[in-house]
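Next up: the structures, one after another.
What follows is a pair of complexes built around chain A, which joins chain B in one and chain C in the other.
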Partner chain A sequence: MRPGRFVVFFALAALLQFALLLTPWFRPAIDGFSHSLVWASSFLINALGGKASAQGALLGSPTNGFTIEMRDGCNGINVMILLWSAVLAFPVSRAWKLVGILVGALAIQGLNFFRFISLFYLGQYSQSWFEFAHLYLWETLILLDALIVFGLWVRRASPRTAAYGRK
Partner chain B sequence: MAESRLGHFLLRAVGLQLVLLGLWWTVLYQPSIGLLRLIAEVPFTLLLTNPSKSTLEVDSSSGDWNFSIPVNTVVKDSPQSNSAVQVDAIDFAAPAENVAPFTTGWFVYLGLALSVPITKDSTRRTLKGLLFQTAISALAVFTYAEVNARGTLAHLHRVPDPVGLWFLNFVYHIDYLVIPYASPFLLILWTHPEWWPKLIGIRTPGFSIRFSG
Partner chain C sequence: MKTRQPLKKLSLLLLSVTFSVCLRAQSAVPLGSDVTYTILASSTVTNTGPTVIYGNVGVSPGTAVTGFPPGGATGGGAIHAADASAGQAQIDLTTAYLNAAGQAATATVSGDLGGQTLTSGVYKSTSTLGITGTLTLSGPGFFIFQIASALTTASSSQVVLIGGAQAANVFWQVGSSATLGTTSTFVGTILAQASVTLTTGAVLDGRALARTGAVTLDDNTAVNPGPTVSGAPPALSLTCPNSSAPVGVAYNSSLIATGGTSPYTYSITGSLPPGLVLNTSSGAITGTPTGGTTTFTGTVVDSAGSPATATNTCTINNLASSTQSVPTLSTWALGLLALLLIAYAIGFKRRAHV
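The block that comes next holds the complex of A and B.
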């Protein structure tokens, strides 16, 4: 497979997934996913001795009233779509693609979970640094995470890649 | 061994992101927005014509970006009027922080480019990448303004077209929530093919990885 073909497949897969993401039929699933992440964050914070309450997409601090909302772009789905598109466009067997999709989703969501909780605490400390970390730093680090996961996945998949498709 | 080299390379990449984005946030935030304002002038001048006023102005006191996007259309089913309404342009203001995401691409790209050993050739390719990033940022600001204007226009109708609104939402999502963050990563893989072997452990000639299959 040539790089040009990979780029075209990657772009098409990404556009298709973003198009589906924004359809009304997917909305309840996306909202439900975001709410479950907020609930899990609240559960973990309380289990570790902190104080937080979840209400829908909102995670609040009962001690000082600080609240953050998980919106589109904060739930890691954009980065997951980009990673999945790269995995789908890469020439390996379907089984390896499935491994890439599942492991990729776990890696992105694992880091995003940590990001959300860290922002919850950072926001109570400094609004300015919260903005910086929320909008810029974490976005970049999660994309870097996706690139690393893709690289590690290709390293493991590449011997099979050669066997799978070499002419 | 290969994994430890990957770890070292990635640690350097993460460190450079922290340094460059921190520098941007603390020192270069306003200058980079000023630079974005200058380069955004190119697509606004080339692609839009608004005879009555400038398509993009920055309020010197508030820093708000004031857009005036020509649409030259007639709204036949306006809820405010029983007759057709001529709409020449859509005016709206965006605070500077709304356009700030379009400036981060330069710093993220630079951080990624500096993660690999610096040579004369890689410096030349980094400059080329920065030029492309500049073009992407300028076009992304233009698209941001155009989509916002089209969205406002859509809501001037009694019943907005749902498919049209979905499409605008789709373009907005890609332009505002994906392009500013993903473009430096896509660019670096194109301008710096040495990123590929470091990342995926396969040495490839030419533009980037040469896949089998």
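The block that comes next holds the complex of A and C.
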């Protein structure tokens, strides 16, 4: 694989996906996805004995009014796009690309869902803890999550290492 | 036969006196299912900021309840938007409104009630009514205010209960709309023909029920006073103030006592966030917090012969003043991730070719 080819494909894939994200046709789908995540967070918190209410992109505490909002950029889609771009640009079979896209989406969305709920609780407990977790801890963990998933996928999907693995 | 005649006259006299007293005495306004509602509107319920409602919030036949969150219904309360419960509450509100409006007046009031002390009775106003300063309601029984048009309370005005008066026994039948002034403290159930507005920081120990219009809220605390009280007062209890106190933003909330014998004396064990102070006679907690999240024990003592005490563990948080968005990755982190993905892919391929 030529390095330049990968960079160009990666950049094109990322640009195309971010451009699609900004088009009005995708707007309802993105909003619906964000609202679904908020609703699911509220459902899970209430099911586990906590208290939360969801309204659109807002997840709030009915007891103290603390509210967090899942705007664009909070729903994990930006990170997924970068990970998908790397998967699409990497020279492996289409089947492996599909596996990478699905596994990557699950890994990012799963951790982001947990991040959202944890920030909801942390924010009610301590503003300083909330800011530390939001600005430093979760940024690092999400970065590592994306890199580890990509690294594992590359090792499994690459024909040469797969052959090594079979030996 | 002759000896029975005076007895008969006496019994008739007693009966007529009793009957006339019964006719004049005010009676409880039947709230029905509205007992559980602290906020009820016909068209919309609109909230701004971290309002806390103890009790149900409902709207019917309208459907819009906006601003929850950041507002919240707690203390067993929930939000009912155009459901069967809210529909029934509106039907019961009509019954309560007509009952309150139909009770025989015992006195006429006008203008501004500030500075007055009133005992139980049915007070009729043929036009608007206002409260500037302090209105004191004294003694047991029911207080019913029949207001032909609007009720408006001034900024920082307050309604104070003494002599065993109960918030659950105070009713305001308002012919048009009611507006509670900023950082005012109001007591009683508002039965408004049109709308009710609680302006910034107003505290309501009662209910805001609107028959045909909206209820508008803004950084308020509203506590449901429970069912009307006849006879012995219910056990004394204490409700915590609004727990959201953003740093640098003026805060106005209150410890609110329910039941027992008014007036009450409030105290705190522990400390409030710096910048906030407690008014020990009204329970109001006011000021501009400069930081710190604190948990404290609020205590209220009533004025019964053998004073009762109630406590509650409360928390006031210095949460951020606005709703917080939580991006998964910042812009610089997204850039870093892109570089790391590229670097890893290229590095891996190079190693694989070696």
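One rule holds in what follows: the second predicted complex is superposed on the first by the 157 of 167 C-alpha atoms of A that agree within 3 Å, B and C clash if a C-alpha of one lies under 4 Å from a C-alpha of the other, contacts with A are read in each partner's own complex, and residues count from 1 in each chain.
In this text, a residue touches a chain if its C-beta (ideal position, glycine included) is under 8 Å from a C-beta of that chain, and two chains touch if they have at least 3 such contacts.
Keep in mind the model is a prediction, meaning the values are calculated, not measured.
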item: Clash or fit, chain B versus chain C on superposed chain A; value: clash
item: Which of chain B and chain C A:L82 touches, first, second, both or neither; value: both
item: Partner chain in contact with A:H134 - chain B first, chain C second, else both or neither; value: second
item: Chain B versus chain C as contact partner of A:E69, first or second or both or neither; value: second
item: First (chain B), second (chain C), both or neither touched by A:I117; value: neither
item: Contacts of A:I45 with chain B and chain C, given as first, second, both or neither; value: neither
item: First (chain B), second (chain C), both or neither touched by A:L37; value: neither
item: Touched partner set for A:I148, first chain B, second chain C, both or neither; value: first
item: First, second, both or neither for A:A107, with chain B first and chain C second; value: neither
item: Partner chain in contact with A:F18 - chain B first, chain C second, else both or neither; value: first
item: Comparing the two partners chain B and chain C, which touches a greater set of residues in chain A; value: C
item: Steric overlap of chain C with chain B in the superposed model, located at which of 24-32, 96-104, 204-212 or 330-338; value: 330-338
item: Chain B and chain C footprints on chain A, overlapping residues; value: 1, 3, 6, 73, 78, 82, 90, 135, 139, 143, 147, 150-151, 154-155, 158, 161
item: Contact footprint of chain B on chain A as seen in their complex; value: 1-3, 6, 15, 18-19, 21-23, 72-73, 78, 82, 90-91, 131-132, 135-137, 139-141, 143-144, 147-148, 150-152, 154-155, 158, 161-162, 164-167
item: Residues of chain A defined as touching chain C within the complex; value: 1, 3, 6-7, 10, 14, 51, 53, 55, 58-71, 73-76, 78-79, 82-83, 85-86, 89-90, 112, 115-116, 119, 123-124, 126-127, 130, 134-135, 138-139, 142-143, 146-147, 150-151, 154-155, 158, 160-161
item: Touch list for chain B against partner chain A, complex; value: 2, 6, 10, 13-14, 17-18, 21, 24-25, 97, 100-101, 104, 108, 166, 169-170, 173-174, 177-178, 181-182, 185, 199-202, 207-213
item: Residue ranges of chain C in contact with chain A within the complex; value: 49-52, 66, 68-74, 79, 242-244, 293, 315, 317-320, 323-330, 333-334, 336-338, 340-342, 344-346, 348-349, 352
